[in-house]
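Structures are listed in the sections that come next.
You will see two complexes here that share chain A, one where it goes with chain B and one where it goes with chain C.
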Partner chain A sequence: MILGRAAPFTPLLIITLRTIAIVALAMVALFPLYWMLVIALTPTGLGRQVMTFFPTTPTLENFVTLFADRPMARWIWNSILVATLASAISLAFGTTCGYALSRLRFRGANLLLIAVLTTQMMPATSIIVPLYMLFRAWGLLDTMQGMVVGHISLVVPLAIWMSKGFFDSIPTDLESAARIDGCTHAGAFFHVALPLAVPGLAAIFIYGFVTSWHDFLFSRTLVTSQELWTAANGIASFRGEYFTLQELQMAASLVFAIPVVVVFFVMQRWIVSGALSGSIR
Partner chain B sequence: MASVEFKSITKRYDALDVLNDVDISISDGEFVVFVGPSGCGKSTLLRMLAGLEPITAGSISISSEVVNALPPRDRDIAMVFQNYALYPHMSVGHNIGFPLRMVGTPKPEIERRVSEAAEMLGLTPYLARLPRELSGGQRQRVAMGRAVVREPSVFLFDEPLSNLDASLRVRMRGEIKRLHQRLGTTMIYVTHDQIEAMTLADRIVVLRGGKVEQIGTPLELYNSPASPFVAQFIGSPAMNIFEGTMDDECFVRITETRIALGTRPSGISSGAPLLVGIRPHDVALGDPGRGTLSGELQLVEEMGNARLLTIQVGGTSVQIETQHQIALLPGATVHLTMPPEKLHIFPK
Partner chain C sequence: MTSVKHAFRRSSAISVLFDGPAFPFIMILPALLMLGFVIGLPMLEAVRLSFDSIALRRPAAAGTYGVHNYLRLVADPKAYAALGFSALYMVGTVIGSVGMALTAALLTRRVIWFSGLARVAFLLPWTVPAVVTALIWGVMYDGNFGVINRLLDFVPFIDGQNWLIERQTALPALIVAQVWNEFPVAYIFFLAGLKAIPDELYEAARIDRANAFQQFRHITLPHLRFIIAVIVILLMIMGFKSFPIIFILTGGGPAGATETLTVLTYNAAFRSLDFSYAATLGILAVLASAMLVLGYLRLLPRTGHGDVM
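After this line comes the complex of A and B, so read on.
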């Protein structure tokens, strides 16, 4: 009975506390982003003197400078090109390898999977020197193709694991049914397995895109010409030995974040749960 | 329509023999049920016929053509899977029409045949729905619709009712039987449920440990089981089996009781150990006397139209089914009479 009387207040209290906690966490998470915006809207050279939470004389001159005086558009385009190609090619590799590892039974399959995973255990810094030597021998240094290949090597191992996991979750009976219904092995893959794996493939694409987009080490090491820099490389160039163009750096960082957000929102609609429900039992 | 023939079929996974030298011949238009306990190889046999499992040795023919090397799509078969295997990203209409689209059937023809199949199975109102929006029974009907729409030579069913509740299973069983009567197509049905096998089949193939134990009509299997395994597998409640010996003349001895047989079973010599089977409804409660077995009543189960009694006779637990009201309590001593003509004698 006591519980019965107390019950109407309990959910309200919980909701209030939960809301306070969420707002506090959101503020902690979003404050750096907000501060980036404040600095980006501050006139060039005055970023260090900002003492208020709101910009006193907001200006877009830093954004204008980025695109008018600096090759920011070029760097962003390079990043988009490299990230899109690297994630798309990784997706193609990951999907086919993952499907094969999920469906084919052969000796050494588990060993192969572990070997693929082992490559993820190596820090990028430890493979950059051998990669540099390889790329020099292959003539891939200071080329966009080289950077794409480098990023693929970063993304593919996890893409294989992720896609194997997604294909494992699709009952093989669906493909068996498709083969009886008139499909070849490949037809069953394209008509049944692939459409059902779309949420997983979207997740792999996002992972590949973000990994490539954020890469600094490879683009800094494998590319030297300024016109081939990716945006990450370009943003770093605002930091000098004695002086940092903070306002430009913050403005560039905000611009840099936009494509990833767009990609995430575009791909998000493919990431739906329960795609398989109703297929069996 | 087509006949199907399994000739010396063997299936081996590494060192494990799943099927061993299986020979089955199925006539055109026949409804044959493969039945057996889990792991007996019945589903493997069906999947081999479908082309989903390679054959280790032997041959499978459909309409006298050996199909060992043919891919599933070229065997002119349709299969209903245990878990339905509906394509979750396609509507009911697209699921049913999928086999026709894959062979390039013109769109108007697909629409006509899909609506015919949907009409036959009562699925017309659900054609635009996704499988996840259907009940278990409706999904099962969609799976059947997808099979029916192809008009195949052979239908394969792999335990299609095992995921349904008891009442729906009975209804769907009737629908499958009606489908066979209507289409007259050869159907091969796998189940571990002997009641499904008995009610559906023209002939039953009992499998055990990868081998054919017996092939026959439901009544042949029920009345003349070839082995104690078939005797106990077919019929519910299961047949009682006693260990005994062949006494001299025409008597069998169970525990200390001699039971007269009408005729001496062939191939069993005097003193030979044997197994004696009798169905629960053929055993009667009687008075003590010659030829009766005595035991202790352990359990009385009321079934409404009959009662199932569990009685301990020596080391054997015996079930008897009786129509009479029972006033006895567990622990009471009862006497069982077993008509000689109802006994099934198996060499041990």
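After this line comes the complex of A and C, so read on.
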């Protein structure tokens, strides 16, 4: 193994080679993002004629077109609305379950855990077909409420699984102390464990928000009117609609991805540990 | 004695609900109701649909219950092909992501002055939504003047392709896009796994004059094997679930060459409008992912002991 810190005598050649390898690999990882930026800044219609590897005549006209001629602002607003509602409702319903799975012993706990994990990890296409039929019968197709319900099915398992993990990481001492002082189990949850868990719950809310924000399938199938689309569906439609206008596709992608990237940087440490505890998006 | 104890608490009814054996069930009840409504009910409906004959092309057949959808599934070459494409997609993304992530983790495991920056670079693709991943790679794969073809002009003996249109290149092209999007998950796991290996082992190995490859083979790899196993299953699940990248870039084409089980399910329902058969395919997918989850749960507790050995 190549060692840096631990081996003070690492030859200069190896350090150089390793640096080159890191830079090369990082360029592979970053190039698609860089290219999105380049094309997004290219004048509309000229994306396929870019012959350099940087924007020669950068312009913001694509972003203006996006918001002026297309209902991009509306789609983003829809995304914010649906993601906020879906994540908040999922958290409200999932947290107590996560606590019970973390702290209490009861029959069927393992089965419930496996069921929750399976629902989180099965393909969304499996649930969308019956959901579509049910929504058609209930008149929920092409409504905001329907989309929120659909996204809850994505976020609830995640909220349960992640809040369990979060309560696992909080020491039980304070709750035990409260119980000895005569507090009921429910009281210990509401007055002791829940306040301690607030930072974690905020993080789970954001994670659920991002999950809903990313979703494409539910928005694509459950809603047909263009003014009810979420942003994910809206920008995906650009590939069909403006196949040749790559600049608009990339400008829309940039607008859509930036909030998530910002959230990532703000919460980097937490997201990394969250991923390690076994929760994947 | 117990009555005295109860007198000091609130009423005994409240005590049973919020303190006694019923308390866990009160706590899980809201989530159970919600799960039952948004997932349980649709799953039951999926089972019902799979025995029914709801298809737009044969409206008169609706209400005819039987196992015909399952018989059709067993004999459907498209379903076997879809399972095969899903398997290829999973194998491709697992190999690609593990390879890329392990290389990146080994390179950046030690603290060097720009390693923070490099780590951000290796995590950043993960923050990009799948829809955006699809659009970016769609632009880069463009057959005429896509940047990938232009970059390949500098490489001798490799010609540009119409990546997403050609039968041979479509699936690998999708796998590359998926690997770019998901390898950071594996990177995070590997970085944490490498951190847990004690430095003394490498020092001892160096005193014994073990070369870099021997150290990797006999120290690093054995310590990482459970993490690798968990990551492989996680990546398999992610590959199996993958939908937006494939659907947006090829929609299952060219001529069904990238129609994985998820895309086939979608197409059966919303293109062929055969909802009953789509529900049957969906149930097959749920069973397959349940098997992956069981494997994941088998392995998960063992990762904690992976570095003790």
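Please note the rule applied: the second predicted complex is superposed on the first by the 213 of 281 C-alpha atoms of A that agree within 3 Å, B and C clash if a C-alpha of one lies under 4 Å from a C-alpha of the other, contacts with A are read in each partner's own complex, and residues count from 1 in each chain.
What we mean here is this: a residue touches a chain if its C-beta (ideal position, glycine included) is under 8 Å from a C-beta of that chain, and two chains touch if they have at least 3 such contacts.
Everything numeric in this text was worked out from a predicted model, so none of it was measured.
Participant: Which partner does A:187 reach: the first (chain B), the second (chain C), both, or neither?
Facilitator: It touches chain B and chain C both.
Participant: Of the two partner chains, chain B (first) and chain C (second), which one does A:176 touch, if any: first, second, both, or neither?
Facilitator: first
Participant: Let me test your reading of the model: by the given contact rule, A:99 touches which partner, first (chain B), second (chain C), both or neither?
Facilitator: After superposing on A, A:99 lies in contact with chain C but is clear of chain B.
Participant: Looking at the overlay, what does A:30 touch: chain B (first), chain C (second), both, or neither?
Facilitator: second
Participant: Quick one: classify A:160 as touching chain B (first), chain C (second), both or neither.
Facilitator: Touch status of A:160: second partner only.
Participant: Thinking of the overlay built on chain A, is A:196 touched by chain B (first), by chain C (second), by both, or by neither?
Facilitator: Only chain B; A:196 stays clear of chain C.
Participant: Once the structures are superposed on A, label A:216 by its partner contacts, choosing first (chain B), second (chain C), both or neither.
Facilitator: After superposing on A, A:216 lies in contact with chain C but is clear of chain B.
Participant: Which chain makes contact with more of the residues of chain A, chain B or else chain C?
Facilitator: Of chain B and chain C, the partner in contact with more residues of chain A is C.
Participant: Which positions of chain A sit in both the chain B and the chain C interface?
Facilitator: 182, 184, 187, 275-276, 278, 280
Participant: Touching chain A in the complex: which residues of chain C?
Facilitator: My answer: residues 8-10, 14-15, 17-19, 23-28, 30-35, 37-39, 41-46, 49, 54, 100, 103-104, 106-108, 110-112, 114-115, 117-118, 120-140, 142, 144-145, 147, 150, 180, 185, 188-189, 192, 199, 202-203, 206, 212, 215-216, 219-220, 234, 237-238, 240-241, 243-244, 247-248, 261-263, 265-266, 269-270, 275, 278-279, 282-283, 285-286, 289-290, 292-294, 296-297, 300.
Participant: What does chain A use to touch chain B in their complex?
Facilitator: Chain A reaches chain B through residues 171, 173-174, 176-184, 187, 191-192, 195-196, 274-281.
Participant: Give the list of chain A residues in touch with chain C in this complex.
Facilitator: 1-7, 18-19, 21-22, 25-26, 29-30, 32-33, 35-36, 39, 47-51, 53, 89-90, 92-94, 96-97, 99-101, 104-106, 109, 112, 114-119, 121-134, 149-150, 152-153, 156-157, 160, 182, 184-187, 189, 213-214, 216-217, 221, 232, 235-236, 238-239, 246, 249-250, 252-253, 256-257, 260-261, 263-264, 268, 272, 275-276, 278, 280
Participant: What residues of chain B sit close enough to touch chain A in their complex?
Facilitator: 47, 50-52, 71-73, 75, 77-79, 81-89, 98-99, 102-103, 130-134, 136, 139, 146, 150, 163
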